[in-house]
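The two complexes that follow have subunit A in common; it is paired with subunit B in the first and with subunit C in the second.
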Partner chain A sequence: MSEQETVYKIIGKATPRIDGPAKVTGKMQYTSDIMLPGMLYGMVLRSPHAHAEIISIDTAEAEALGAVCLTYADINPIVYNERSVSIPAATYRDRTVLPAKARHFGEPIAAVAAASEELAYQALQLLKVEYKVLPAVFTPQEAMADGAPQLYEQIWLGEEKVAVKNNIGVIRNIEEGDVEAGFAAADRIFEHTFELGRVYHDQLETKGAVCAPEADGSLTVWCTAQSIHANRQLLGRVLGLPLSKINVKKLPLGGAFGSSIQVNTVTPICACLALKAGRPVKLISSREEDFYSHQKYPSVFEVKLGVAGEGRFTAAQVKCLVDFGAHQVQPLPYMGCVAGWFASLYRYGPLRFLGTAVYTNKVPCCAMQGYGNPQINFAIESMVDIICEEMGWDSVEFRLKNHRGVGDEFWGQGPTIRSIIKSCGVPESLTKGGEIFAWKERRPHTEKSGRYRKGIGVARGFHTSGTGGPKEGEVIDYSSCMVKINEDGSVDLISALMDHGGGTWDAMAKIVSQTLQVPMRMIGLSPTDTRNTGYDVCTHATRGVYCGGAAVLYVTNKVKEKLLEYAGRILFEHPAALEIICDEELGQGVIFAKNYHQKSITIGEVAKIAQINSWGTIAYTDSYRQRNCPPCFTTHFLEVEVDTLTGEITVPKALLYGDCGTVINPVLIDGQLIGSFNRGLGYTVYESLDVDQKTGELTNKGLLVDYKTPTAAEMPAAENVLVHWTDTYEPSGPFGAKGIGEAALASVQAALANAVYNAIGIRFAKLPITPEVVLAALRAIDN
Partner chain B sequence: MKNFNYINAPDLPSALEALAKPDAYLVAGGTNALVDIRAGKINDRTLVNIQGLTEFDRITLQENGRIQIGALTAISKLAASDLLAEKAPALYQAACNFADPLTRNSATIGGNLANASPAADTAPPLLALDAELLLASRFGERRLPLQEFFLGVGKTALVPGEMVLAVEFMPNSFSSFLKLGLRQAMAISIVTAAAALSLDKEGIVREFHLAFGSVGPTPLRAYNGEKAVTGTEFADPEVIKQLQEAVQLDINPIDDLRAGAGYRREMAGVLAKRAILSAGREVGQ
Partner chain C sequence: MSGTFEINLRINGQEAVLPTTAEKSLLRFLREHNYWDVKCGCEEGDCGSCAVLLDGRAVKSCITLAAACNGREIWTNRGLGRTDELTKKLQAAFVESGAIQCGFCTCGMIIAAKHYLEQGGKADRSQIKEAISGNLCRCTGYVKIVDAVYGVALEMGTGGI
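Showing the complex of A and B:
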């Protein structure tokens, strides 16, 4: 065996999940598994009206049953925004723990806690609420009309009061360059409107919390969260407690897709119930309640693109209208991000983004897989195909020529977070993907006939890796961690960074393992909480590996310095003359004098000697901010088959091309790409959430039976799902890694719509493209 | 959570006795009951568990040539039955397409029929096979043609205190079932169709039964469609066109959140064609 092959390399290996055994044996403790002595069960009373003043709530009968009741009169009416990723000055605030007025069907109005779920349910039935029903608005057009019912008179932006007019929550306009001159220089101008409705996260674990008042006046919290520190800070404000008296525990999360990027609505309610009761309270949302908690942002885009004859853009403009529901969670950064994803797709020259976000009496929208990226990607990547078809250009070549790549600017989180692209797999994925999918042999839809028609479509996209930039902007981004070498050479990793189920924590363990050359089984992932960890903004924006991993790498390298310094003392060598090589059989990292391997000592021996000599623990803790937001790119080549008699769309074959820089764990990258393809298929062909235009109730009533998502049966056969990664290395990433999660969804929608066009010659600009929609479009052509 | 009493009925007499109470709600596989409880459609009832009535959990080929299926037979048992695969492919295919494996293990044929959903997947094949139900109450047993059983959405000809014991039919190898849902599994049907066919030696359709699900308040027989085909040459394209038009008189679909009435009408035609051809393909073999 050559020396090269003996070098320990864990990055890039498919390793079994550290949390796998606990998950598959059911031993993993999620929020809903927490049971405490004397615990009460909480339940939430939800509004049966879309818009109504709450005149009174009579809790006497429920209390007579022994229930603890919580209404607006009980809460500290601090106005907050439950999402704290943006800086306070860029955060609109409009809500309280419980409202004085119901602004959407299903909004929490009051809550009860009782000794059993049965009792809590009975108590809930006994709450008597007197409403004054108000007229409601369900579309932005209705909401913006003069004289329309107003959801709010006044809200807050940071510490400033803001008046709300015509229910317009946010206007965000961004312009770069001389847009009019750009359009004037165009040979052709293309204008189309695209519409994407609401969908639901459908994460496996519904939102919930368990809160326990402690004897010392503190509160312990177990909750579904993408950031434990965000939960602690909001609870501190709402409850008027010092942060040192609120301890939020880090738990495994049963999926998120963005649904817990903000503090969940039920968490402060649960905390208030627990403090009022003086006993632990558990409050877990049912699936139906979860549907009424948060949904994905819908968007309507009016896109205008100018092109010149030689195959380039001259100018671009997007008008964006967002119906974000009854609370801001929050559309200001949403629209900034949409503008950024739009701007970063192509070198358009001058560009303009005009965004308006409107309050309606509907469920509030929050982040979900891509934060506007799949939405605007569908519009722009459909437009590219429309333009290329009209102009007679090959759309793959057009994309290769015009995409933003190495050396170009990328907006990682709206206009204030930008960095320069340093790694880019777009050329490789489009070129090799085109070869694999025989792109050049693609036939136009005009040559297709018969009942079943096949088509091929391509689209490309990306997502950011985190929200860091050279300059601080509207978004907070840093992670903290502590790494500690134990006296036997094993290592503890202590961090608030959340793993939503995608394996982020495995990546962290691998980064430590690789850096210190300690075998994976010797790395311990410590149970943590807000009391024993530094701040971590949130696992969102595909930042887990790139930002969280960079913090772990930074701190681990500091620990390594200390370790080598101590080893140098023992071995009488300069630390720079030492190297660590993993001895997997020994289960230890071994420190050698470089080129003089007779002189060596194990990490465990160094740590033990450091302890015996009272030098101290070999540990380090710090926070770290990434100063780039590199895009992780994806390209989707998809084949669809359209049944022209039923309108059904199936996908016989899919090529999912991902650029995540260095692959930390190949199995998990494949999982992200394949899983997100399934989600994108749902978004494009299956899923939509509508409300009854009279009552504001969801037409599916929050029941999954009438919210169909694609199953394994809707996926292409396993051998026809081709997953490829580009050969790229991100210089600013830990071991060259970037993100992948949200990128994996970005271009699915447009690739499917483009493939459908290639099959039947019909351009769908509105999602979902259900069989009924397809058939109606086919019949419209027949007639 | 909600307010329910529970009685376990180990045998038929105790089941019939429990069922005689006005608030009784029969539970076999529980796949409808649980969903209805969750959706708040039923409350304040006494759940009567009849899973112990094992004598009604079997598929029998009787001496008279008829197949009898006990009401408590799980859908998964139908989907694993070689007898049905050979002699009643329509019912076999419906069982194979029913919900998902977990639900099939629990759901029973009696429950699927007695729930009287217009989308009940086993109903169209049994209608096409001219099935008959065996019913029982404290006052005795009776037989009822399945066509007379469904009265409306969730409404049947069962009188209070009466339950389904078994379903019986004459097998027909030349039968088929087709389902269109919003996805391939765990989907409530948008349209289902079942056909049962008999041809004479000249290839003339001697008898043709066609039934649909999800295109009216009950699963239904398409008598106009049947008439258009009976006595004609099998698979004549002109006749099939007439069949597709004729079934429009039989069905009465509505708009709901799963599909529009127009889409259902068009799909009924598509499935009618596929059902008759699929049933007939067996004839040639």
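Showing the complex of A and C:
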């Protein structure tokens, strides 16, 4: 065996994920699985009105039943925003733990805790609430009309009081270059409006918390969270406790897709109940409650693009209107991000973004895989198809010519966080993808007839990898971790970074394994908590591997320095003359003198000797910030089949082309791309949330049976789901890696809509494209 | 609250006499007694996260009454994984194939897959897709799950199990 072949390389290898066995055997505990002695069960009373003042809540009968009750009168009425990823000065605050006024149907009004779920339910029925029902608004147009009912008179931006007029929560306008001159220089100007409604995360684990008061006056919290530190900090403010008295445990998440980027509404409620009761309380949302908790930002985009005859843009403008519901979970950064995703797609020349986000009496919207990226991508990538169709250009060629790539600026999290693109798989994915999908042989819709019509569509997208830039902007971004070599050569990895299921923890362990040459089975991921970890902003913005992984690599390299220094003392060698090579059979990393392998010692022996000699533990802890936000790119080539009799759209074949830089674990990259395609299919052809325009109640009443998501049966045959990734290396990433998670969804919707156009010649600018919508459009043509 | 009474049943191979009430679902009953690998995803019979084997048939425990299980036999994925060879194969295949992301649907999926294979299901991807279409997974897009079941079905077909 050559020396090259003996080198242990785990980055890039398809390996079973580190948490797989615990999950597959059912041993993994999630928030709802936590059971504590003497625990009470919490339940939430929710508003039956979309907009109503709460005159009084009578808890006497519920308390007589033995329940602990929580109302507005019990809570500390500090005003906060559930999401704390942005800096305080860029964060609007408008809510309290429980409200004095109900602002949407299903809003939590009061809560109870009792010895059993049955008793809690009975107590809930005994709460007597007197409401003064107010008129409500359900569309931005209604909300902005003069004389419309107002949800708020004033809110806070950082520490500043802000008056709310016409229910407008945020206005965000961004302009670069001389836009009017750009449009004046255009040979053609294209204008279209696109509309994406509300959809729901439908993460399989509903939001919940278990909170336990401890003997030392502290509170231990288990909750669905994308950041345990964000939960701790908000609970500290709400409960008036020092952060050292609040300990949030790190748990696996049963999916998130953004649904826990903020502190979940039920978590502070549960914490207040537990402190009032003086006993542990478990509060897990039902699926119906979860539907009323948070939803995806809907958006209407009026897009105006100028093009010159030689096949390039001259100017671009997007007007964006967002109905974000009854509370701000940060439409301000949402619109900044939408502007950034828009700006970063193509070299338009001058550009303008005009964003307005409006309060309505609906469920608050929060992040959902892409934070506006799939929304604006649908609009722009549909527009590119429209333009190329009209101008007679090949849309793949057009994309290749105009996309932002290496050397161009990328806005990773709105206008304040930008970096220069250093790696880009767009040319490879469009060119090779086109070859695989026989793009050049695509026939126009005019040549298609019969009941079943097939079409091919393409779209390209991206997402950021994290929110770090050369300069700090509106968004906080760093991770912390500790790496510790134990006296048997095993390694503890202690980090607050959360894993929604995408495999972030697996990537972190692989980075340690590769760097210290220790087999994966010897690496332990600490089931840690906020007390034992440094701050980690959140697992969001596709930052897990790129930012969290980079922090792990940084800290592990420091540990490696210390390890080699101690090994050098023992072996009488300079640390630079040493190397570590994994001995998988031995289960150890072994340190050798370079070019003299007879001289060696295992990592475990070094750690043991360091302990016996009282040199200390070989460990290091620190925080680390990435100073770039490289885009991870995706291209989707999709084939659809439209049944013109039923209006049903199916996907016989899909090519998912990803650029994540170095692949850490191919199995997990496949999983991200395929899973995102599945969800994108749902958002494009099935999913929408509507409210009753009189009551504000969801028309599906929060029932999953009336909110259809794609099942296995709706997926293309496995052999027709082609997954490829580009050969790219991101110089700023750990081992050359970028993210992939949110990028994987970005261009699915546009590629599907473009394929539908190629099948039947109808352009759908509003999602979802349900069978009813397809049939109505076909009939309109016939007539 | 209605009265509490005891039911006799076998759970994961062990005889049990446990209290329940008339309205309690099998899902809540099992979770209360620490069988928390049976997950609650929707409690309305839609997502399949709560699937268990009831007398050898896959059922959604959230729409099965605990009281109706008196005298019957229940297996959860966790119990099966300790003793049943087919389940062990499926569990290993799920890990190997990348069929797991968040893991919340996984126990229910394994039950659906075991049921399919025990009912004579073949190594046919299209039939496997149908067989697991009563179980929702929001993470994976199902392809790797189908791959995992397909692999085990192939092995069974060739006398591997």
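Criterion: the second predicted complex is superposed on the first by the 783 of 783 C-alpha atoms of A that agree within 3 Å, B and C clash if a C-alpha of one lies under 4 Å from a C-alpha of the other, contacts with A are read in each partner's own complex, and residues count from 1 in each chain.
The working rule: contacts are C-beta pairs under 8 Å (C-beta built on N, C-alpha and C of every residue); 3 or more make two chains touch, one makes a residue touch a chain.
None of these values were measured; they are calculated from a predicted model.
Figure out whether A:117 sits in contact with subunit B (first) or subunit C (second), or with both, or with neither.
both
Pick one for A:13: touches subunit B only (first), subunit C only (second), both, or neither.
In the superposition, A:13 touches no partner, neither subunit B nor subunit C.
Does subunit B (first) or subunit C (second) touch A:312, or do both, or does neither?
Once the two structures are laid over each other on A, A:312 reaches no partner at all.
Check the residue A:703 against both partner chains and state whether it touches subunit B (first), subunit C (second), both, or neither.
Touch partners of A:703: subunit B and subunit C.
Which partner does A:500 contact after superposing on A: first (subunit B), second (subunit C), both, neither?
Only subunit C is touched by A:500; subunit B is not.
One more residue to check, A:775. First (subunit B), second (subunit C), both or neither?
In the superposition, A:775 contacts subunit B only.
Quick one: is A:711 in contact with subunit B, with subunit C, with both, or with neither? Answer first, second, both or neither.
both
Of the two partners subunit B and subunit C, indicate the one touching more residues belonging to subunit A.
Answer, by number of touched residues of subunit A: C.
Go through subunit A and flag every residue that touches subunit B in one model and subunit C in the other.
Comparing the two interfaces on subunit A, one with subunit B and one with subunit C, the shared residues are 117-118, 703, 705, 711, 713.
Give the list of subunit A residues in touch with subunit C in this complex.
Residue positions touching the partner: 14, 16-17, 19-30, 32-33, 35, 117-119, 122, 201-206, 252-257, 284, 286-287, 500-503, 667-668, 670-671, 674-679, 703-705, 709, 711-713, 715, 717-719, 721.
Mind listing the subunit B positions that touch subunit A in their complex?
Per the stated touch rule, the residues are 1-2, 35, 38-39, 180, 182-188, 257-260, 263, 266-267, 270.
Touching subunit B in the complex: which residues of subunit A?
For this pair, the touching residues of subunit A are 117-118, 121, 645-647, 686, 690, 699-701, 703, 705-706, 708, 710-711, 713-714, 770-772, 775-776.
With touch defined as at the start, can you tell me which subunit C residues reach subunit A in the complex?
The touching residues are 1, 21, 28, 34, 36-37, 39-47, 49, 76-78, 81, 91-92, 94-98, 100-107, 110, 125-126, 128-130, 132-147, 150.
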